[in-house]
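The block underneath contains the structure these notes are about, expressed in structure tokens.
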Amino acid sequence: MAEGPANDAPYRLLDGVRFGAGVVVQSFTNLYGCEIGDHTRVGPFVEIQSGARIGASCKIQSHAFICEGVLIGDEVFVGHGVLFINDKHPHATTGEGELQTASDWELLETRVGDGASLGSGAVIMGGVTIGERALVGAGAVVTRDVGAGEVVAGVPARALPPR
Amino acid sequence: MAEGPANDAPYRLLDGVRFGAGVVVQSFTNLYGCEIGDHTRVGPFVEIQSGARIGASCKIQSHAFICEGVLIGDEVFVGHGVLFINDKHPHATTGEGELQTASDWELLETRVGDGASLGSGAVIMGGVTIGERALVGAGAVVTRDVGAGEVVAGVPARALPPR
Amino acid sequence: MAEGPANDAPYRLLDGVRFGAGVVVQSFTNLYGCEIGDHTRVGPFVEIQSGARIGASCKIQSHAFICEGVLIGDEVFVGHGVLFINDKHPHATTGEGELQTASDWELLETRVGDGASLGSGAVIMGGVTIGERALVGAGAVVTRDVGAGEVVAGVPARALPPR
């Protein structure tokens, strides 16, 4: 692993990230405790949380949010404003009115296979698996697994005929 | 009211905010003229405008936009990228080609009840009321009032069977 | 063209932008190689890419992403979180596993006519034309041309009766 990103953009927060070689991270980013593979590029206004793992040669576009529990393969396109989710029933507080902490909810793991493309504005529910080379249309809300090479779109996302 | 947030993140703009005790505000935030209750947490890339009021023990997640006219109760979860709206017919300019100012449009008030959860990527039209403990699905576009405890999803958002 | 924006917000990145007179650019913005007409206002957390052209007296709201190939007229409202797209089949890499560069894809040009309003959270697919004074509903995904004065909403966006 390299010691830091290959570029030197201003206004970045990088805390405990394991960077591969040649990673490029743009300005206005907040990355912590995650792993980012060789030659992946991360756009501005992106947050990547602790425990997320991103492969090599990916493009993570502006305004994307990648949370704990998300495992992304190699050569994946994560479009602008794509939002991942890792909680089935998000709440601000526990039933007793205390703020939720990590022990108050079940972390859902989400996987995105090599070569998949997630269109801009897509929302990926927690716990789904998106197969290799799958294509998620812009603005789709993915609530179920997407097979390898499958093309889905809409709210909720449904399969379109294969390319 | 406390004098400022409980943490000290870099790259924040805080102007005339009334903070409760123990509020945590992350980096890359732009908060002005609003009110934020005790122990509420605000994520990165969030804008909260003048006149917005947020209760205690809320979670305001990354990339959310909360505008003037939005009144949020206690223990509310505002997911990543949630967008509020306060104008029924947004335009850049008046009919005479001048840039719109505050006096050129009607401010719609939006209310979110205690304990409600707004899923990531949801868009909340101006003027709606979302009841206590309601759940808005990720990616939903809320165009009508949502009753207390109701669960809605889709574009436009429609009721699902109660949990 | 003026030499820079009319205000002086912190945490901005402005690189090679052609500014008209009286342009206002908020904090946490990343604008490069684009053109922005007189008296247009740009909100926080906005990226505007090289080659994008924005007319006079527009409002570009927070969290918007405007890419290369987007041509926006005068007096256009671009809502919060609006995302433009300029590629029909986005991928992270070429078929040979190399990161895509500008020569590996066809740039789709998108046009937005004078006086149009794009609601918050709308996604605009590459290559469409949105006519003058058209209204795109919040959260819509625009996949086809929108006529002058037409009102569209939904995923995918469909015409509603004229106002």
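Some observations on this one:
Labels A, B and C are assigned to the chains in the order they are written; within every chain, residues are numbered from 1.
Keep in mind that, in the parts below, a contact is a pair of C-beta atoms (placed from the backbone, for glycine too) under 8 Å apart; a residue touches a chain by one contact, two chains touch by 3 or more.
Computed from a predicted model, the values in this text were never measured in an experiment.
If you lay the C-alpha trace of subunit B over that of subunit C, the rotation comes to 120 degrees, to the nearest 5. Both subunit A and subunit B derive from one sequence, and where they touch, under half of the residue numbers involved are common to the two copies.
Between subunit A and subunit B, the centres computed from C-alpha atoms are 23 Å apart. For subunit C, the set of residues that touch two or more other chains comprises 11, 28, 45, 63, 81, 121, 155. Here subunit C touches subunit A in the complex through residues 11, 13, 28, 30, 45, 47, 63, 65, 81, 83, 85, 89-93, 97-100, 121, 123, 125, 141, 155-156, going by the rule given at the top. Only residues 10-11, 26-28, 39, 41, 43-45, 57-59, 62-63, 75-77, 79-81, 115, 117, 119-121, 135, 137-139, 154-155 of subunit C touch subunit B when the two sit together in their complex.
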